[in-house]
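What follows is chain A paired twice: with chain B in the first complex and chain C in the second.
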Partner chain A sequence: MLEVKNLRKEYGGLTAVRGISFNLQPGDIFGFIGSNGAGKTTTIRMISTLLEPTSGTAVLNGADIRHDPMQVRRMLGYMPDFFGLYDDVKVWEYLDFFAAIYQVPARQRTQVIDNVLELTDLTVKKTAFVQSLSRGMQQRLCLARCLVHDPQLLLLDEPASGLDPRARAELKELIAELGRMGKIVIVSSHILPELADFCNTVGIIEKGELLACGPVGQIVQGLHAVRILRVRFLGANGDLRHFVEGRPHVKGVELAGDGELRVDFDSDENDQADLLKSIVDAGFKVIGFREEEADLEDVFLKLTTGAVQ
Partner chain B sequence: MMGEWIRANIGCYFGNAATVRDYRVQLRGNRAIILWSFYLLVLIGFTMLVYSSSAAGEQRSIVDAQRQLRSFYQSVMILMAVMINLISPALTAGSIVMERQRRSLDLVFSAPVTTKYYLVGKMMSSYRYIWILLVLSLPVTSACVVLGGATWSDVIAAYIILSFNALIYTAIALLFSTLSRLPVAAVVWSYAAAVAYSIGTAVLAGSGAVGSLIGMGRTQEAPFLITLNPYFVVQAAPTHTIVYGYEVPNWVLGAVFALLLSKLLLLAAGSSMSAFGSAETKSLRVHGLIYTFLLGALVAYGSAGTLAIVRSAVASGSRHATIWNSQIDLVFGWLITPLFVLVPFLTCYGSDAERKYWSDGILKIRNMLLGTPSGGLPYLLLMVGASYAGFAFTYVQLAAQPPSWQVLYWALGFWSYMWSLGRFASAFNLGLRASRSLHFTLMMALVALPVPFFSAMGAFSAENQALWDLYILRPIVGLDDNRTLCLLYGTLMLAGTAFMTYIAETISARKGVLHRYAA
Partner chain C sequence: MVEVTRFRRKFFGTGGSAVNGVIVAMSLLIYIGILALVWTYRQDANPILLIYLQTFLFTLLGPAMLHSSIAGERERRSWDFLLVAPVTHGQIVSGKLMGAAAAILACAAVLLLPIGIGALFYDRSHSYFGASSNGTSSFMFLWNLAMAELVSISWGFAVSAMTLLFSARCKRGFVALGTVLAIMVAALIVWPILISAAEVRSSEAGGILNFFHPFWTLAQIESANTSPSEDILWERMYGVPQIVTYIGMTLIFLYWTEKTLRFADGEVKFLPKHKDA
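On to the complex of A and B.
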């Protein structure tokens, strides 16, 4: 379990992170969303013990980043937004080096390297030089590096930046798989669609402040006081509009194009079902009835102003 | 606890991951073989050239032949010294700075790796390569033994001396690799420091030891300092020092010194890579104090011989006793002048990439070992005190009078004033490097710049003393009794310290850059 408690970082006159707190459980894939310069990387670097917090702390399975950084490092894998690869080194040598500094016993290293290469689909490149790999492969190699010591927390800073769509899809599948393996994964990005697909928890950060944090659905619901329903129907719309306006929990109705109503509704799924039943019972020909789901992009744009520090 | 410490150290020195990785890269493919072949060709070519021009040819006496073979051996060893002087910094200077540029250090230090582990690994990968080159040259040097220019014990001692000199060059380059932002700067500074080290040790060694050795017998007593310069390796190899009646080979003492110096340089490198209050910084500062004490004691011991002549002159009544006292004061005063290089690092604050040396107050004794700016002054004064203590300790042991308390008072005042210049320089700059540069320039402007001017007006003498009284280092210039001057200048320096600090703090407060680190 990861507990981030009031984490704060100041650089001279600049406060990069202003007291961030959140908790994550094994299996959580946490999307850390924010514009460039919002404080995502600083937060991740503090959790990874590379940067000392000005105040606050984070505790990973009982180990405090301030008081027991070495223990924390043994349990985390950090993948920055750059590759940091060595020249003239082969893929297996690169992984062997990191396995050694993560204190993986020498006799187990070959097996560990084979396993992480298989997981990241790089087995065929085992003896290739790292500089000869494509960008997507290098990214996967970096992820493989993070996995050599079987960490419980993965910190992935902008993992998909610069990747082509196929490499991006492969990476997403890999991260989802890591979540299924019970690891806590923190993924920072400002590309929202890529996070929405596999994150079950998100945190939105702006100017070093965590504006919202929690399960995706909960955040979306919390942001919208009313649900938006889309009702598609056949025939004249005037009667249906008047009918719907008079129903319980309906806060407003407007026409949204030909044969579709946009309904502001302030109750749960049961009342939605009642509303649908009443429309059908009244003889209107309904061909579509759905709740409009606000996506992460909507939430992000609504919560943030775009200001950077 | 002890077992863990032993395991950690064994892991650090044997099978270090950084060394293994660098070793794989260094020995990959044909490159290493080609480089070594080229190296051997140069070595053999040079040796043949020297041999053919000196030892071959016409008939000569045995003594002449022996001398020429000795000279041939000396040429080969000087070539080896040039080799380690050139190759050690080149191999090491880029090791950390290039990783920083590549940003791979973040990856390494997000793993459970200590700074010591990584720096030792980097150092060993360079040092091992130097050893490979030294071993490769053995066939060439063994030719000197076969021909009669040297004995095997000469060669072995010479190799040990060369190897620990290579260790020092490697440690120097590693320090500059951690301090520099660009690889080119790291290489340039490493070479500059290596050259400065070579010149400094040559002056130290050449002044007393070597002059008496060249052309004389094979086994002699000499200060071990001679072993700290690789270019004197032939002269240094057979020398020894008498310690409590035992002849200790100088290469043993040199090796101990080299290990201690390398450790200090490694700690400095580790401290520059770590955060405030890191174990490396604390250890560096504690080692700094101990070494300053030992240096004070060593210089006092070294100078005692020379000063004994003055003392005997004083005892016989041919010289005034104040000359003896004044000379001791002068030696102590000049001994601590290397602090000029160190003071900007202890004093200045400002922005430096991710590490922010913001002022956390003017003076906090509890921060003395942490590396924060508020601990700079107490630590600086403690270093002056440690140096004085080491100096005084030796003189008391030799039953001689230690430096006067007045010169200590002056030294404390003078270095406090130098510290206040650092605060002043920092108040004008936001960048740490700019602050340090301005601080060093201000100090040099006060200490070095007036010298040519005063010299042009008249060399220091009884007639020109009034002019030289304006010089900031006046209390440690001249052989007269300067104790009154020490008191006067010390008081002026302390008043100047208060004034400069007040100005610096006022400017900093106005710019709003003070005390943010503490916040």
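On to the complex of A and C.
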């Protein structure tokens, strides 16, 4: 479990991070969202023990980043937004070097390297030189490096930056798999729709302050007082609109065109089911009924002012 | 060992560029040439002269290997990966030096063969410069040879540790290399010229002023072989103060380097400006 407690970082007169707090459980994939300069990287570098917090702390499975950084380092894998790979070494040598640094026993190293290469789909490149890999492969090698010591927390700073769509999709799947393996993953990214796909929790940061933090749906719900339902039906007439307007929990109805109604609804799924039943029972031919998907981008734009770029 | 592997691949790799092949071929050729020369003129091949050559090599090998060891890590931004690993700064620094130390010891081991030939067959009754002398005893000759070898190796360590320090304190690897080479030129060439120009005649004053100079120390050991003094204890001490000093310098440079890395926030100033916070 990761507990971030009132983490703060000041550089001279500049406060980069202003007392951030959040908790994450094993299996959580936390999307860290913010504009350039918002404080994401500073926060990640503090959690990774690269920067000393001005105040506050973070505790990973009982180990405090301020008082027991070595123990924290054994449990975390850090992938910055640059590759920082050595040239003139082969893929397996590179991983072997980091496995040795992380005190993976020499007898287990070959197996561990094979495992992480398989997980990151780099087995065929085991004996290739690092500099000969494509950008996507180098990114996956970076991730493989983070995994050689089986960390419990992964800090991925802009992992998808500069990758082509296929490499992004592969990386996304890989991160989701790491979450399923029970690791805590913190991912910072600007590509919000992608984060929404695989993150179960997000934190939105601006000017060093955490504006919102929690499950994606909960944050969206928190921002929208009402749920938006989309109802598609056969036969264009205004009767359905009048019928729906009179139903419980309906706050507003609008014809969206193309046989679709946009309904502002202020209750839960049970009441949505009742609404659907009543529409069908009234004889309207419903062919589609759905709640509008949570849009992280909307939430981000609504919460942030874009003051820092 | 990754540092050694990378250095080997960069300059001595056979599967790489043509330049690497040329370097490998030339190194082999020079080594075989030295062996052939020493064997042919084995009675005249003073092994201490080979240690001069070895010391010159070590003066270049340490900086060549380590100038980018920390500055280069920062440049390619792989430094963070070491800092987040469960190793202390002291371990990182000493690990870097061990890479160069391994190369220095390997180089010394390779040169041990021609030095050994010289040690076995060299006719000690005449000096390198042709002036006849009584020569020293076999034991003292071997002792002095061992001292010379240790002076050379400890000098190599000290230069490597100094390079590491400059690599830690400079933003760019080539700046560190330039600085170290400039210091070497100043200390090994310019300084003796200045002393010579100042016409320092007293041997004590010369000894003090040249104390750190490895080639001067080797010359003293060589002269002890060809002109043994009455004072045996003093003769045996040639090179020992320098060895101790070089090892001390190595430790001081390592400590200083480690102190340089201790400022975690200070690392930020070495990194290129990052658009994110």
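As a working rule, the second predicted complex is superposed on the first by the 306 of 309 C-alpha atoms of A that agree within 3 Å, B and C clash if a C-alpha of one lies under 4 Å from a C-alpha of the other, contacts with A are read in each partner's own complex, and residues count from 1 in each chain.
Just so it is clear, a residue touches a chain if its C-beta (ideal position, glycine included) is under 8 Å from a C-beta of that chain, and two chains touch if they have at least 3 such contacts.
In this text the structure is predicted, and so the values were computed from the model without any measurement.
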Joint occupancy of chain A by chain B and chain C, clash or fit: clash
Partner chain in contact with A:10 - chain B first, chain C second, else both or neither: first
Contacts of A:257 with chain B and chain C, given as first, second, both or neither: neither
Which superposed partner A:165 touches (first chain B, second chain C, both, neither): neither
Chain B versus chain C as contact partner of A:101, first or second or both or neither: both
Comparing the two partners chain B and chain C, which touches a greater set of residues in chain A: C
Touched partner set for A:93, first chain B, second chain C, both or neither: both
Chain B versus chain C as contact partner of A:38, first or second or both or neither: second
Stretch of chain B penetrating chain C in the combined three-chain arrangement, among 24-32, 420-428, 456-464 or 492-500: 24-32
Interface residues of chain A shared between complexes with chain B and chain C: 11, 48-52, 70-71, 73-74, 76, 78, 80, 82, 84-86, 88-89, 93, 97-98, 101-103, 145
Residues on chain A engaged by chain B in the complex (per definition of touch): 10-13, 45, 48-52, 54, 70-71, 73-74, 76, 78, 80, 82, 84-86, 88-89, 93, 97-98, 100-103, 106, 145, 149
Touching residues on chain B, where the partner in the complex is chain A: 15, 17-18, 20-21, 24-25, 28, 102-104, 106-113, 275, 351, 354, 356, 358, 512-513, 516, 519
Residues of chain A defined as touching chain C within the complex: 11, 16-17, 36-42, 48-52, 70-71, 73-74, 76, 78, 80-89, 93-94, 97-98, 101-103, 145, 157-158, 208, 308
Chain C residues within the chain A interface of the complex: 1-2, 5-6, 9-10, 13, 76-88, 264-265, 267-268, 274-277
